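One chain, subunit A, appears in both complexes that follow, with subunit B as partner in the first and subunit C in the second.
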Partner chain A sequence: MRWPGSGLRVTEGTAAALFFGALALLPLALSFNPYYLSILVAALVLGSVAVSWNVLAGLCGQVSFGHAGFFGLGAYASAILAMRAGWSPWLAMAGAGVAGVAVSLLIGLPSFKLRGPYFALAILGFAEVLKLLALNLDSLTGGSQGIFGVPPPTALRLGGLTADFEASRTANYYLAGLLLLLVWGAAVLLRRSRAGVAMATVHADEEAAAGIGVPVLRTKATALAVSAFFTALLGAFYAHYVHYLDPDSAFDGAWSIMPIVAALFGGMSTLVGPAVGALVITGLDEFLFKRLFESGHQLFFGLLLAAVIVWAPSGLLGGRVRRPTT
Partner chain B sequence: MIARKTWRLVLAAGLAAAWTQAGAAPAIKLGAHAPETGSLAKHGQEQVKGIRVAAEEFSKRTGIAVDLKVYDDESQPQKAVAAVEKLAGIEKVAGIVGGYGSNLVGPASEAAERYDTPYMTTGAVDTKLSARHFKNFFRLNYMPGYAAAQANTIRELFQAKKVAILFNSQSATTEIAEAVKGQLAAGGVQVPVFEKFEKGTTNYKPLLLKARDAGCEVLLVEGYFPDYVGTIKDAKILALPVKAYVGAWGIGTPEFIRELGPMSEFVYGTSIWEMGTAPKAARAEEARFVEAYRARFKEDPSYIAMLGYLSAEYMLDAIAKGGGAAARTRDLLRAMDAVTPIGRVAFDEKGDPRHFTAVLFQTRAGKQVVVYPRDRAGGEAKYPAVPWSTR
Partner chain C sequence: MRGLSKDYGKLRVVSSLTFDVREGELLGVIGPNGAGKTTLFALLGGTIAPTEGEIRFRGQAVERLRPDHRCHLGIARTFQVVRPFAELTVRENVRAAALFGKPEVPPPGEIRAAVEEVLALTGLAPVAASPARALSLPQRKRLEVARALATRPRLLLLDEVLAGLNPRAVEEAIPLIRSLHADRGITVLVIEHNLRAIMGLSQRVLVLNFGERIYDGAPQGAVEDPEVIRAYLGGPARA
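Up next, the complex of A and B:
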């Protein structure tokens, strides 16, 4: 099956410019309505995690089923740094990203030495271990009771404008959009770098890459560290946005599964595709399927995903965006 | 001539319509959010069923139409916030009911406070929720009421001296375990065994042996269905010499009795409401709800459905009496004091229920016999229970 207009092909840069331009203008079109913006914030968080996940899977060919671990780790790290250590939420969010890198190296370096599906299995177990730690380190994490009152990022003042992240959905929307731009920009820079070329080589054929002198372990670890940094950063944003954390929601398996779904839907072969996929699936589910079926709406979503996998296996953007040569 | 006749007819119809519109009270917009999908879907769907019955019964009783707006929050905190943004911000509802789980109700009630919209939940028992002192926050049930049913029964009915508490590490079970421990300690009852276990635990024998070695008379298990099945089977294997086994939620259900057979006999559990447990003054209301629910859904209501029903009923009554202004609705809710199918309902200044107490029942011949509180009891507790070897 050919999608309508499938002859049209644009560069990744053009697709990204159109996408981010539309994101910038969307609140205007929606009259800054808080409900629509809160749905879009959820979509942007998912989109950013999907792009982060795709740095590891799409660029380096290493599939993770445990990104919920990095997401929850970042959420807890930032909340604890802000509430217990008294850090500014902004600094705490950056600290959460660093924590994500540290833990990713701890788990990645030993598991990447193994061949086959061991990395995917190890990271799945790692996410569960982190959830159990959050459940049992009561004095630090509040245990199963969770943490109430995680502070929002402190307000920013630019000239006469104030971005109040406590109450304003618009401020949170643009912050989530900037985070997505940051993740995407970092992924683009990474792909263009020597490390990115090494990742593409490892993705294509790991043994051949090792044969021509590509440091396979270091390359995989770099991809995982970048992916973990941004996933943890988004987890931190989530904690400061929702103001509440508990192990079930921070380490929810959906944070492992939905980024994969969004990436498949949008197209794993592109860097902007997973973000587009996240917005499309969130939007369709919320504004179309949910209105048709109050409690059975996710059935449509599953059918749609199956249709895309069968008839457009490279995703919505996969066949339309020209990848740059590396 | 024909045109004049037609014009007269149109005018008459218009006047009639205008008169009807002027005479009818405007519809009340009520918002509800619940996890109808996701991990909490089963509870959310039952809650919404109860809310729907309340809206229909309210319309029948008062003649005021209810425009019920239901939003599925998908068991996700972000979507729970979006639910309130939609219900309060777009739909402009006069009040919101529903919400299940403290992780969803926490952020949702914060958003409701921002919109100055009265919010009543029945599915979040964390004590920290009301510690925020939101003026729009109300709930029908909370943790100390569950804990009181267990602790008071152990102190007053059983007069036990030593109790073992085993609890699942999940949020609600941890909190009830800690609350009961505190209430027992305040009443002079020792808790020498206080052990947490993880979800998915299958071997409870080491924990049960600790209870045996400490000479505990009562075993309290704060958990969920698989935890009860595991602990009861292991207690039978060990012939654990406790005089009573008390659980939190989900005891005595048909599934529980089917799974454990004779082992389910004499086990105690807590509930907010089961059919026939309403205080005398509220029996008629209980019967009305059960009848309406059965007629609508062809099944018996659960306590979650009952809570959903009551929350919507109180919110609708307050909105109707107060004219829909948030401040007036809040004042009326705060002033209410009624005997209901779940006992006496009145709210304190934080929105917590002043008199909420769960009921404690014992499973006897496959039926649930309420033994506490006394005014809702349907029989006497069989204490000590018969040894495990005979069941």
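Up next, the complex of A and C:
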């Protein structure tokens, strides 16, 4: 299938500028309609997780089926730090990211040492283990009851402007957008760095990478740690945004699967592609699939994924966003 | 190396192999298919661990070191079945090797200069901006050499870099290998099927058969050695 204008090719920076520019203006176009904004916030959170997931998969070639584990971990860690330890929600969110890094190394280092798909298998079980911990560590997590009243991030004042995250959807929308920009920016810097070169070689051929002196294990662990940091950070934002957590929603398998769908759909060889993919699939889901089939609309994602893999294996943006070369 | 062996299951692919390579030597390794030549390189490069025996490199036991650490010490290899980083450009392939070949990171200017020098030396400068997947087989073989060179090796293991090349390309490649050895003082081990090339190239040849050393000495002597002739041409089975 040829997309209209498929000869057009842009750089990552141009694609991202167009995308983030559109995101900045979108609320105006929607006249700040809270219903649309709440859908968009969910899409942006998914987009950030998809970009984070793709740091591991797209840059380093390591596929994770368990990012829900980092997402839920971040959500719980931040809620607990803010409510039990009395941290400011902002600091708690950063702390959640650090918790994500610590746990990612715990799972990553042993499983990356083995050759073969051990990481993919280990992380699949790992997300489930964390969910069970959240269910059973009642005194810390409230068990299956969950945690109510997670505080919103404290309001920010900049000159005459106040961003009130308790009452304003718009404030939350722009915060989610900034988080996405932060994750994307970090991914761009990482890809340009020496560690990013190592990831590209490991992605291409581990054995040949080791042969030219690339520390393969450390490279994979770095990619996982960065990916886990941002996924946990987004889980934390989610907790402070919805104010309520329970194991089923925080560790929902959708947080493992939908980022993969978004990244494949948007294009794994690009950094902004997974974010674009997240917005498009969220839009399709809300305004098309759910209207056609109220229950079982998730089925469409399977069909969508199959269609992408068959007709556009490099994704929506894969063939059009040039990889920067040195 | 001393008494080096490698078993794949019950099959002993390299058997109690002992030999020395002197610094600055250009040593040819030949032998029929399945003689264990590539396995020997994998053992030296660290892709596989020996079942028994030891490998010493400049006085240090290296047989349990990871491949990246061996590369940092100065051992670099090419792969018989070429393994370029397909989606990266030729220049990026070489640059990655220059960035990671040694534990200390050289300043950017030095990296750039080293990369361009290796590209020019291996004749890859005209295709430096192409993705590696777009290269022809002879170019991919050159890229293997370029990448290994960019790690600044002391010992270079060339695994059939001439195989599959037409006679003209072979004629071009031989002076390159010779100059690496002569001008840069790199110790070179060459695995080759092309006997004519290897005889003209090496100062000494090691002949393997069924994982054992059957000849070690001057190239001219190898073609006259009865055991080597038997290994290549068949004949009465060895005891």
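The definition used in the following text is that the second predicted complex is superposed on the first by the 311 of 326 C-alpha atoms of A that agree within 3 Å, B and C clash if a C-alpha of one lies under 4 Å from a C-alpha of the other, contacts with A are read in each partner's own complex, and residues count from 1 in each chain.
Note that in this section contacts are C-beta pairs under 8 Å (C-beta built on N, C-alpha and C of every residue); 3 or more make two chains touch, one makes a residue touch a chain.
Because the structure is a prediction, the values reported are computed rather than measured.
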Looking at A:211 after the superposition, I want to know if it touches subunit B, subunit C, both of them or none. Which is it: first, second, both, neither? second
Subunit B versus subunit C as contact partner of A:132, first or second or both or neither: first
Subunit B versus subunit C as contact partner of A:200, first or second or both or neither: second
According to the stated criteria, A:11 is in contact with first (subunit B), second (subunit C), both, or neither; which is it? neither
Which chain makes contact with more of the residues of subunit A, subunit B or else subunit C? B
Taking the superposition on A as described, I'd like to know which of subunit B and subunit C A:162 touches: first, second, both or neither. neither
Considering only the touch criterion stated at the top, classify A:34 as touching first (subunit B), second (subunit C), both, or neither. first
Subunit A residues touched by both subunit B and subunit C? none
Spell out the part of subunit A that touches subunit C in their complex, as residue ranges. 194, 197-198, 200-201, 204-205, 207-216, 269, 323, 325-326
Note: in the complex, subunit C contacts subunit A through residues 45-47, 66-68, 71-72, 76-77, 79, 83-89, 91-92, 95-97, 99-103, 105, 129, 147-148, 150-151
Spell out the residues on subunit B that touch subunit A in their complex, using ranges where they run on. 36-37, 39, 41, 45, 70, 72, 76-79, 81-82, 85-86, 89-90, 102-103, 106-107, 110, 114, 126, 128-129, 132, 169-171, 173-175, 196, 198
Subunit A contacts subunit B in the complex at 33-35, 38-39, 41-42, 45, 132, 135-136, 143-146, 148-149, 167, 169, 238, 241-244, 246, 248-249, 252, 254, 286, 290, 294-298
